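Notes follow the structure.
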Amino acid sequence: MATATEHAEHTEHEQHGLTDGGYIKVAVVLAVITALEVSTYYVDFGPFFMPSLMIMMVAKFIIVVSYFMHLKFDNKLFSFMFYAGLVLALGCYFAALATFQFFS
Amino acid sequence: MAIIERPSTELEVSITPSVVVPSTTLGNLRRPVQSTGWKSWLFTVDHKKIGIMYGVFAMIFFIIGGVEALLMRLQLAAPDGKALSADLYNQMFTMHGTTMVFLFAMPMAAAFANYFLPLQIGARDVAFPRMNALGLWFLVVGGLVLNAAWFLGGAADGGWFMYAPNSGPVFSPSNGVDFWTLGLQIAGLGSLIGSINLIVTVLNMRAPGMTMMKLPVFTWMILVVQFLLVFSLPVITVALVLLMFQRSFGATFFDVAQGADPLLWQHLFWIFGHPEVYVLILPAFGIISEVLPTFSRKPLFGYPFVVFSGAAIGFVGFGVWAHHMFAAGLGPVSVAVFSIATMAIAIPTGVKIFNWTLTMWGGKIWFTTAMKFAIGLVVLFTIGGLSGVTHSVAPSDTQQTDTYYIVAHFHYVLFGGMVFGLFSGFYYWWPKMFGKMLNERLGSWNFWLMFIGMNMTFGPMHILGLQGQPRRMYVWTEARAGEGFFNFGFWNLISSIGSFVLALSVLLFLINVVQTARKGKQAPLDPWDARTLEWITTSPPKEHNFDRIPTVHHLDEFFHRKYVEDEATHTMKAIATGEEIVRNEEANAESHIHLPSASYWPLVLAIGVGVLGLGVLYGVPIMVLGAAIVLLSSFGWVMEPSVAEDSDYDPPAGGTSKELASHG
Amino acid sequence: MSRHAMSARNAHRVRALAITKLVGASIFLAGCAKDAPQDVFQPKGENAADINNLQYMVFGIAGVVGVIMTVLFVVTMTKFRDKGQPIPEQSHGKPALEITLTIIPALILSVVGVFTFRGVFDLAETKDTELVINVTGQQWWWEYDYPVQGDWGIDKPIITSGQLVMPAGTKVLIRETSRDVIHSYWIPALNGKRDAVPGRIHTLRLHADNPGIYAGQCTEFCGLSHGNMRMEAVALSKEDFATWVTNQQAAYKEPEKDSLAEQGEAVFLNQCVRCHQVNGLKKADGTAAIAAPDENVYAGAAPNLSKFMSRNTFAGATWDLLKKDCRGNVWDAKSEEFGAKYLEGVSADCLNEVDLRRWLRNAPAMKPMYADPTKLEPTDGKYRGMPYLALSESDIDKLVAYLLTLK
Amino acid sequence: MADTAVHAAHDVGHGAHVTSTGLSNNKLAMWLFLGSECLLFGGLISTYMLYRGRVANGPHPNQIYDIPFTSVSSFVLLMSSLTMVLAVSAAQRRNDQQTNLWLTVTALLGATFVGGQVYEFTAFYREGLGFTTSLFSSSFYTLTGFHGVHVTVGVIMLLVTRSIIQKNRVTGDKAESVEIVGLYWHFVDVVWIIIFTLVYLIPA
């Protein structure tokens, strides 16, 4: 048996997220970015090559996590757990690679 | 797999009326229901039984690790020791470090965490009871695999941090390191599962009114530790996988001839390894944060600061790993940065020391054995912490690293800190766990011998290290020993004698345990005038923990049910005894209690993983066998009925004789 | 300010001073062990002295904090033990006090941090190097390789082992690497340690104020005989160093005709030369005898024995080549006399024959090594360290006589 | 963290069923696991990044990658995330039939991806890139192999979920079970997004 507040929480949760049409739109955006990414292989982007690839990668990552995985709509505790791991991973491994002179 | 562990609400189940609830797994296995005998232990999912098994396991390995240490001290008592060969000595310190850290310290913390965390938050069990059992059995299997090497060609011999490339197949030709990587991977998997379980338990299973800022500090510290584990274990897993692939399948990760960089291993190990040392110490910090207030009759001074500093230690702990590599050739920029970061960690730790002291300040201190150990921790950890600060000054550390000065540092924090905290926990919680008091007189002897022995063993190591005795040397020589008061000979001998004093103190503890079990006196329900929720129930607690789930209004709920403040004098006035409160709960017991049923699968799955691991060493057929067991038991796990059949109980549940109906 | 206040202040200062002195004294005592050759509190050169200053600072601070905390603990425990007082007020803390107690350590540590920061970069400086020596670690000894440096009279590379010979009063740069696993080079009197990592080159500055011999030890666990991997740095005056360089480059001295040593040379050619190089030694057919240890030794090197008797320890500086009294002559020599004594090398009278013979008879029994032929599978049949060679006693006599000529 | 605790909503008798935060145990556990996985894959990716240019023997990454092929299989995996999210959405509408349809499609797309990877591995192997050939090869196979195993486990989870939905043997909340499998699936996809860029598109 759940109390009323509990119940409300739950149904509210059901309405989070996008409609199916919305998901398809998101997927189209992802597909377009992927196409752009692949195009860097054929077209010379010069100095923009690395930054643009990185930006596109991060954008895809965030889109999938926020929309497909609902993190944008869900409880902040979930975001905390995932992003804590992500931030620690980025911090530690960037620092470790930096000690190998990886970035210079 | 977490998918089908437990229904989150009953609501959903009732909406789909056509649910077929299976009663057997794999055709004919029901859930086990034994409540006595060895089966009731092997298949249990009760967090208290699991906690006790963790404790027994850890204690056994404390003695094994301790005996390994004694052998080393025998070898080092005099120059050119003859007790052990070089080869054996190297295995000895490797396995001593590994055993103490992974098979004693972590499991013992897990024992306390499993037993007391649900009790402290007012829960009936953990969030994932079967996972909990799985974590234990992974650890047991991992520990056995690790130590099996002793009998199968020699144990690991690369030091507990197993630096590459010395751990590679060429330089470590025996199978020891293979068992080591496998054992640690399996045990690590167990810890990961256990930590996810405990985090979810703390977040989701708290009694009504138990907000995060009313959690007992022990629970808080355990929570921080579990986060540290969740985020650091995968890193060592990567390291272990790389090493295993190199040793067993010819991968090249640490093969310098191919251009590999051995420092990769060091980074991966210590990114895990430094958070790990806080994994080791924070549970002890948690324990004494319960003990000190109880026996000072005052709440913990600055609760939010202690909680926050614990979290801060955890977080900063991820940013200092390279202080173990000050001499490894990282270059000045990295060294300087990590040096400063390391100093920063002394600040939140200092906060804790100050708060404990201020907790006692103005208190009414009752020197029980538990309290003595707790104070011992505060004193000895401070010494160890301060030597830690001397390491953090990188140039000065280049004189100290890999000498006995480091060995002194970490035994002061590990033995003086962690072990003292755990012993404090034993004496404090023994009456809760077993309903009998450990003998206080023997306890006092235990404490003083341990305190003296500890300082005798590890104190001289400061001198030895600063006089230039490197660690991990199977012999030391007169030629470099020096003369006069500070010579190696004298202090090595003192240290070795001290280690036997320590052994005696541990022996006294074991005697105390046996005596208590035989003829110890029944403990009162609230022997220490305690403060937290685990005491609002019988000792030992019933299978379902609480007759009535307590509703929480205060930090230190139990205390505030016993005492109210006299507005005029600001002194505390007793209004009820602990006994009365517990009896009151019993009288108002809830009628309907759900408990999880026991299960075969955690044990079987763990054994399967063990066999799979050995397959890496002993060939594909064994691997296939292991994989088959793993698959079968995962399938059994998923398909397992969520409840045991009432009719399987003897006498059958549901009737009046058995108050507990079981439920997934 | 009244006199009274001032004297109170002074009393305070005196007490603080007394504590500092006490702590300082105990550190000093710890630093004063007689003849502990690896004592980290006895710097004998610039770099070690820089480190030592930092050590004094941080040990002092840690000591003072430790004393304060101990006093605090003791006072708390005696003052507030249960004397029947009522249960105290359930106070939950004082944020202002908490914050103060957070800030004070932070301030102390920032001071330490600033000095540390400077120290790290000062010690990493390599621009003013005067002499470069390559150091290679391997299981379980160190090889020194002096690259050609005309200023120092080094016209062709010098290769030695065990004892690092360097000029005193000179900024020497060590370039470290390893042939197998990680080792760590550490001469406490001259500088902190630095790991020798295979595949990487690390630098370490050494500077000795005065001539003398400075002991050290490998401090990274490097396998079976890590405990038997030592080294020494020998600082000579610049003139003595020049003499030493000249001698190291001197041509091979053939043993006298028909002497025991000559027979020893033959045994050496037969047994030892596949691993050990002796520069200028020729085979019977007149071609140079070049060691090819790669075929025998896993790390791919064995000590170069060309001027073996010019050093006075062997096998990873673990055993003395000098008898006990002769050893004292060199090790305890005054700084001014040290160079001359060291350059004498090992004479027949002074040779520690017992250990050298033991070594030749069965090296792995003396110093554990994987020279056990049943354990060679992972190394494709190659030895690690020096194997048991089953030499006859008469061969050993000859070899000892021969080795004595290598000076 | 404290503010997320929901304290009022407690049914004392069924304490285990109503959680303090109002969040599902299983979902919390899955998110924690994914947080942990970030550090696992982070370690493997860093190892690869460090070693990708270190080729003492055998082919160099730039000689061997087949970008058009991998682009297609990346696209397949990306689209499986779409079908997965459609399955979740169907499950939340309690439409079993559609749920099962999308789960099946997702599993098929995933299997296609794994198949592609197997093909890629054999092709590389034939070009002389064995597991033990070089640092690059060891770290490449370990990273992508770990990812491949994750996808395979995902496919199995999808199929099992599908079959227990079909047989109506879900013990808990059906939509939530699907959602949790979905979280895992998307995570695997997200990891591939990173691998695709860092490993394949950026030349060593």
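When the chains are written out, they are named A, B, C and D in that same order, and each has its own residue count from 1.
What we mean here is this: a residue touches a chain if its C-beta (ideal position, glycine included) is under 8 Å from a C-beta of that chain, and two chains touch if they have at least 3 such contacts.
Values in this document were obtained by computation on a predicted structure and should not be read as measured data.
J.: Which chain's mean C-alpha position is nearest the mean C-alpha position of the whole protein set?
T.: B
J.: Based only on mean CA positions, could you tell me how far chain A sits from chain D in angstrom?
T.: Using C-alpha averages as centres, the distance is 14 Å.
J.: Could you put a whole-Å number on the gap between the CA centroids of chain B and chain D?
T.: That gives a centre separation of 31 Å.
J.: Cα centroid separation between chain B and chain C, in whole Å?
T.: Centres of chain B and chain C (C-alpha means) sit 39 Å apart.
J.: Calculate how many whole Å lie between the centre of chain C and the centre of chain D, each centre taken as the average of the chain's C-alpha atoms.
T.: 52
J.: Mark out which residues of chain A touch at least two other chains, giving numbers and ranges.
T.: In chain A, residues 1-2, 6, 77, 84-85, 88, 92, 96, 100 touch at least two other chains, as defined above.
J.: Among the residues of chain B, which are close enough to touch at least two other chains?
T.: 9-10, 203, 230-231, 235, 259-261, 263, 268, 331
J.: Please set out, as single numbers or ranges, the residues of chain C touching at least two other chains.
T.: Residues of chain C touching two or more partner chains: there are none.
J.: Go ahead and list every pair of chains that touch.
T.: Every pair of chains in contact is listed here: A-B, A-D, B-C, B-D.
J.: Which residues of chain B touch chain D in the complex?
T.: Result: residues 1-10, 12-13, 15-16, 18-22, 123-125, 127-128, 192, 196-197, 199-200, 203-213, 230-235, 237-239, 241-242, 245-246, 249-253, 255, 257-261, 264, 268, 548-549, 551, 590, 592, 594, 638-639, 642, 664 of chain B touch chain D.
J.: Help me check something: in the complex, which residues belonging to chain D touch chain B?
T.: Listed in rising order, the residues of chain D that touch chain B are 1-2, 5, 7-8, 10, 12-21, 23-26, 28-30, 32-33, 35-37, 39-40, 43-44, 47, 50-51, 54, 56-57, 94, 131-135, 137-139, 142, 157, 160-161, 164, 167-177, 180-181.
J.: Enumerate the contact residues on chain A facing chain D in the complex.
T.: Its residues touching chain D are 1-3, 5-6, 9, 14, 17, 19-20, 23-24, 26-27, 30-31, 34, 37-38, 40-41, 50, 53-54, 56-57, 60-61, 64-65, 67-70, 75-78, 80-86, 88-90, 92-93, 96-97, 100, 102.
J.: Which residues of chain A touch chain B in the complex?
T.: Of all residues in chain A, those touching chain B are 1-2, 6-7, 10, 77, 84-85, 88, 91-92, 95-96, 98-101.
J.: List the residues on chain B that touch chain C in their complex, please.
T.: For chain B paired with chain C, touching residues are 85-87, 90, 158-159, 163, 165-166, 169-173, 256, 259-263, 296-299, 301-305, 327-329, 331-332, 335-336, 339-340, 343-344, 346-347, 350-351, 353-355, 357-358, 360-367, 375, 378-379, 382-383, 386-387, 389-390, 392-403, 463, 466-477, 479-488, 556, 559, 563, 565, 570-572.
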